[in-house]
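There are structures below to look over.
Next come two complexes, and both contain chain A; in the first it sits with chain B, in the second with chain C.
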Partner chain A sequence: MAADIKFYLGIFDDEHKLLSATRAAQQSGFDIYDCYTPYAVHGLDQAMGLAHSKLGWIALFGGLLGFVVALHLQIWTSAYNWPINVGGKPYISLPAFIPITFELTVLLCGLIGLGGMITLGKLGPTLRPSVIGKHGCTSHRFILALRSYNQNLDLGAAHNLLLHHGAMECKWYEES
Partner chain B sequence: MSSARRTLLLSVCVVTAAMLLWTYQQQPQRALGNVLMMLVILLGVVLGACFFIALQYLMKGAWAVVLRRIPEALTGLLPAAAALTVIVWLGHAQLYHWVHPHGDVLLEGKQVFLNMPFFTLRLLIYFSLWFLIIGRIVKHSRAQDEDGSPTHTFANVRWSAAYMIVFALSYSFASFDLVMSLEPHWFSTIFGVYNFAGAFLSALTVTTLLVIYYRRKDCFKDIQPVHVTFLAKLIFAFCIFWAYIWFSQFMLIWYSNIPEETVYFIPRMQGAWRPLFFANLALNWLVPFLGLLGYRAKRNIPWLVCVCMAVLAGRALDVYLMVMPPLSHGHGPQFGAVELLSLASIAALGLLFFKRTLHKHPLAPTHDPLFQESAQLHE
Partner chain C sequence: MVDATLQILRPPLVEGNPPLAQITDEVCQPLERFPGKAWWLAFLTALSALGLGTVAVIYLIATGVGVWGLNNTVGWAFDITNFVFWVGIGHAGTLISAILFLLRQKWRTSINRAAEAMTIFAVCCAGIFPLMHMGRVWFGAYWMLPLPNALGPLWVNFRSPLLWDVFAISTYLTISAVFWFVGLIPDMAAIRDRAVHPIRKAIFSILALGWNGSNRAWSHYEKLYLILAGLSTPLVLSVHTIVSFDFATSVIPGWHTTIFPPYFVAGAIFSGFAMVLMLLIITRKVLSFEKYITIRHLEAMCKVILVTGMMVGLAYSTEFFIAWYSGNLYERYAFINRAFGPFAFSYWIMVSCNVLSPQIFWFKRFRQNIPVMFVMTIFVNIGMWFERFVIIVTSLHRDFLPSSWSMYRPTWVEFAILIGSFGLFFTLFLLFVRVLPVINMAEVKTVLKEGKEEAHGGGH
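Up next, the complex of A and B:
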């Protein structure tokens, strides 16, 4: 049997109300599914209690990969596979390799970082918008979505909390 | 500032002056080289601090408004730099051998540019422009405290634009005149940018250290940890910029391997200079790059202070490597009491002028239109 997942939405007209409601919901132990806002609200990550992103490590990996690939490629081609004497310099001349090493480090760091961001954020063309685009959260509304898993949401408490922090409207939302 | 501390700082300067005079009797070039080093380091901090202010005005950067009085007070060190320039100018005959070009075909050819009257005129032009523009920017910023009018911000946007253009040209040429002409046979068009990269990095580190110090005092209660983090990010970015420019200068010369160009790097990469040459890269790039790469590193204040210290040592070493090799005539690097005292007296002289300027005016530019936005800075 599929789990019964529903969302209880608190709809706000102000980012400060959303922030205080989110902070309170996080402290009261509600299952915060997500927040939907027309623009990036500063401090929302901390309010939602999100863990620090792992994107930095992914980008570091990309950078190191680019660094190693570039150096390996240049050293292998110019000193082992087909040694070429350039201006009487040693076959392995690191200063000559640095520009390409730098560029590939930056390129792979950027591309793998971008891929990591899309993956971690579950973005991309396959994304099925859930609450996004409804209830005005792309233009003038701020939405806090609490998740109810097999009806485990304490509806009374959630409703009171949202209203207490200034929600204009509270409603159930089910993904079809 | 307590009078005991002021006396200590003043006595450091006096002892340094005496030490420099004594050194001048035996090794005039070494003494003058030290004065030139002090000048280049100090001037870099002053002009870099104003570059930082101008950058914020031009980009409408709100975040730095609460801490702007610190770089503003750093520009108060300009008279000290001017005084050191006078000493360097007086010692031109020993410092700059293009002053006596006779018999040297290359130098006789370069006399069109490298001659004393024009050199003096250029120095006068640089300093008058710097005094004028920096003076206007600081004056408008302070006047805003009195009347709270946003017109001062608009005026400063215009003066900042002027500063950017003037600074780009004048600092480049000042680097050619004061530092690069120590080796008048050699030339590098990127030299001014290279010196700027180090100068701005040092201005950022000095600003960061002062912000960290003053943040603990009540007078700067609007400065939050996030402001320090933003400065740390700029230090991180500009250590990469420094390495980029350093390498841009080095690689072209290394690649083409033409004697008239390699003459700059060969003495610096040989003998006892070699470890310093690589230590320069490590302190200015490797340490801040790896040290500030992590998320937590930029938010760990004691660690950030250590990295800033390393970068400042790196700036001193960078300037030492620009100035001293041509003045030591084939000897190895000399580092003794006079060099140590000169470095200490930059700090002493800097602090004396900084304190004098800082406490003249309110420490928070509360009437700046962007002040609230800056005080509520968030990552």
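Up next, the complex of A and C:
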């Protein structure tokens, strides 16, 4: 039997109210599912207790891959596959290979970084975006979503906490 | 805390401190109503220019590069001038979106979207010229890219700056587009959520990648934005450096100088800012965005134009001094010929537009006067186009042997393609202001005054 998962949403009109509510919810041990905001709110990661994004490592891998691919491509084509003497320069003219190595490093770092962001952020082209983030939170609302797993959410405490920190509205949300 | 103090002393970045919902409404409204007369007039003008350019390009490709005014001595002229000009225009966008981001210049938030769009369109315009310059464009892919082929395989020459250019420009275009797209994701989600028409909703649903404002996604998003800004900063410097290598690594007097990379980069930022300023003056007026793109933003751009204009001026005088100081007769002649030879008019247009005219921006009165700014942006663009013309044509038309000296006279085809490239640029930009939000809503909302009161050190 599938677990009964529901979300209790607190809807705010201000980032500071959301921040203080999230901090309080984190301290009181509520299961914070996510926050939904129209812009990146600073300090929210810490308030939610999120770990640092691992995206930097993915991008670093992309950069290293680009570096290796670029050098390999240039050295293999210029010195091994079909060596041509250009103005008496060495077949492996490393200084002349630097610009393209740099460009491909940047290119793959950026593209793989983008792919990493899409994967880690669970994004992707879709006609039916998750509606939990609706209620205007791409425009002007801030939402704190607390998760209830098999009705383990202390509804009274959650409701009080959200209202205490200035929630305009609290409501249940169930993913269909 | 220093940050908070500065915010109090300076005028706000968004006038009137509007509520968040109003920002979304005001930025999205121009996209949701039928365009007005001014837009159609501008669009049809741009489209006509593009049409003229297209006719000229078809004629060129069908006939051959002989329809240009090039000859054995002057093998590069309008084509490469336009290429360098447009690549340069693109640089301001990346400077605003990446370098000012790393430097935490918050005023960039209102203008970065338009500037990045401009970058992408300018690089598209730039890309056309080297392609056509090669003559038989249908072989272009084999000449430019290391594609396997039946001639050995015979590979491209990785030691040539022209090939570095291929990689630099295409990387620049790709990374700028990624940067632009990533910035657009939250705003496209906002448009999706307010869209009424089902087709509009479907298009923006797909483009917004299911973005719903989740902070877990924001956390990765912010990281990617930082990485892209960090990547674009050396990238933008590398692109015009490599463009300048096309000249600097040759042996032509007037080209073979080590000052070229910084000189080209400064010139690129100079011309790019002038173009951004021109576009923003028009955009803020037509879309009534005076509240978001304030006089303070325009004034800051004027200051950048003044500074980079003087850097370019310093480069002009350094070049001249070194030409004399080097004791190299050919180098000396190249510079005397620039200033007093048959193309002297272009040299003096360049100096007066790029070095003398920006000096009026020393005065606050002119930095805040929109008609003056607008005229200045046109001057700077003319000046910077002529700078590339001076570098390319005057250096080539008289090099070492007087027996090979020649003159250059452009034909109507070259003018038509130049006009066509402006047509392409403005057509794309006008379409952009119709379909996508010109102001980065998600970033502008972070620089509102109310977001400042509780000091959240560190800015972005």
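Here are a few things to note about the model shown:
One rule holds in what follows: the second predicted complex is superposed on the first by the 170 of 176 C-alpha atoms of A that agree within 3 Å, B and C clash if a C-alpha of one lies under 4 Å from a C-alpha of the other, contacts with A are read in each partner's own complex, and residues count from 1 in each chain.
As a convention for this text, a contact is a pair of C-beta atoms (placed from the backbone, for glycine too) under 8 Å apart; a residue touches a chain by one contact, two chains touch by 3 or more.
For clarity, every value in this text was computed on a predicted model and none was experimentally measured.
Aligning the shared chain A places chain B and chain C in steric conflict. Of the two partners chain B and chain C, more residues of chain A are touched by C. Shared-chain residue A:T126: touches chain C; no touch with chain B. Shared-chain residue A:D31: touches no atom of chain B or chain C.
Of the two partner chains, chain C is the only one touched by A:A59; chain B is not. Residue contacts after overlaying the shared chain place A:T77 against chain C, while chain B stays out of touching range.
When the two structures are aligned on the shared chain, A:H16 is found in touch with chain C, with no touch to chain B.
When the shared chain is aligned, no partner comes close enough to touch A:E169: not chain B, not chain C.
When both complexes are overlaid on chain A, the residue A:D154 reaches neither chain B nor chain C.
When both complexes are overlaid on chain A, the residue A:L111 reaches chain C alone and has no touch with chain B.
Only one of the stretches 307-315, 343-351 or 415-423 belonging to chain C has C-alpha atoms clashing with chain B in the superposition, and it is 307-315.
Across the superposed pair, chain B and chain C both touch chain A at residues 42-43, 56, 87, 96, 99. Across the complex, chain A is touched by residues 19-21, 23-24, 146, 152-159, 161, 163-164, 167-168, 171, 174-175, 178-179, 182, 185-186, 189-190, 192-194, 202, 205-224, 227-228, 231, 234-235, 238, 242, 245, 441-443, 445-446, 450-451, 454, 456, 458, 460 of chain C.
Every residue of chain B that touches chain A in the complex is listed here, in rising order: 247, 250-251, 254-255, 257, 293-295, 378-379. For chain A in complex with chain B, the residues that touch the partner chain are 42-43, 52, 56, 60, 87, 95-96, 98-99.
Considering their complex, residues 14-16, 34-45, 48, 50, 53, 55-56, 59, 73-74, 77-78, 81-82, 84, 86-87, 89, 93, 96-97, 99-100, 102-104, 106-107, 109-111, 113-114, 116-118, 120-134, 136-140, 143 of chain A touch chain C.
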